[in-house]
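A, B, C and D are the chain letters, set down in written order, and residue numbers restart from 1 in every chain.
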């Protein structure tokens, strides 16, 4: 069984038509898993709904705590891409050797139709099932190109 | 023949995946007319690409000037909804008796998939063909509900 | 007030994922009007859900009967494009002089995302409000190009 | 490096608006990988574009031959779901021990917007990278429910 922790990020942003701004409401994860006809046994917990640029050390501690306490050994976290690597570092120190934790996100909100979110979610769900605990520190986000690069 | 003036508005906003902000690039009007399989003889001119909350008196004077000078007697303007009524007032004073001018917009960007833009564009293109010059001052936008109301 | 009669057509076709075939379920009209944020006072009645190539004289008589008996003087009919002109002829003979009846359809199902249906529905709703009873026999569908032509 | 073989299936079906039927044109794989912002080093070869219910023994032999001759040890095949298990059996006998071959498909065409194809493609690309050669005969498609079941 897989535990999914939702933290927000571009993945789950929506357009608020009254204010004209981007905002968070509920997570789209259940809808996305249904659309993907996923048969994986997964339970979803929303820990926070924030832009990862606004994620604090306390937020990261909360995420790490939930990962440590989770009964599942395979954990998927949806996360904004901007500070995803920072959260990976925090997780690696605390539960990276005993659990397979995969972070995933999107460059375009799922709600905007042409999202990479569905693709990434399918990809992440496979990796979290197939990979052992392991590397986390071989990547960085290049914010100018919008691409994760190997380091 | 119909003249279409593009001024921006939610209609044409896009998501910039590098900055995570909403922004304008090119207008989607040609793509929308193609998608709607429109056979109407229309020519499109982009006057500006701005949020209507940022529209100045000079911008409105520019729009009015183009409407006055246009050879066509039927004019469609895409426009942000927030100050659409203000532009209608400026137009009414200058060319509202001789030309049929229809303003249209959207609450959700066309690029976000579930937009009202396609519906509104089809609607506006019909009205601009079928209606005579006429009323413009019987409506206001209720920004709390996001709905235009008769006054 | 506007009466909308649904008869099916490409407009409302869906993909049945179990059989892999196109089929009709419920009409998408209410969802489309909601998406278009339509404030028009309209009531929807589904008369049939069929491909217009399969429409019989009895089906057309049923449509004509409902148009004649409708309390509304403005009627919108969703209809497959292939025999739309035939139904227009039947309607013209029976109620074309007293009521404004507009037929609309789509080349691509609304459910398939890139549909012309939303655009056409917005367009038809405007025309049915703005136009008097009138011409119906100046058009034919060219099935090789998929385009309606003036005749 | 990953080799992707395209064989058609629901995945790649499109709506032909002139005939009103479902049909194959070009594969959507390159567009889907671009939309998913995939950075995986993959080369795509279209072997056929057919419904898997019409796949013959000769077609399967062709697929098996390409898998055997491929320089890559990791191969992804897009395939109609109805006879996917039959092709898996043919592949297992010929190259199932030396190469990781993953078959994927969709219940709804990618072109129809709400497809499971993007999710499945992301999932399959991850599994083909992460899994060793292995089991193929533990699943069947239940055509009444549209779901693959473990056997």
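The rule is simple: a residue touches a chain if its C-beta (ideal position, glycine included) is under 8 Å from a C-beta of that chain, and two chains touch if they have at least 3 such contacts.
It should be emphasised that the depicted structure is a prediction, and the values quoted were computed from it without experimental measurement.
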| item | value |
| --- | --- |
| Labels of chains that are neighbours to chain B and to chain C | none |
| Geometric centre distance via CA averages, chain D-chain C, whole Å | 39 |
| Centroid spacing, where centroids are CA-atom means, of chain A and chain D in whole angstrom | 27 |
| Rounded Å distance between chain B and chain D, as computed from the means of their C-alpha atoms | 45 |
| Residues within chain D bordering two or more other chains | 107, 113-114 |
| Chains grouped in pairs wherever the two touch, ordered by label | A-B, A-D, B-C, C-D |
| Parts of chain B lying in touch with chain C, wherever the complex brings them together | 32, 35-39, 107, 113-114, 116, 118-127, 130-131, 147-148 |
| Chain D contact footprint on chain C (complex, rising order) | 10, 15, 17-18, 20, 22, 51, 107-109, 111-114, 143-144, 146 |
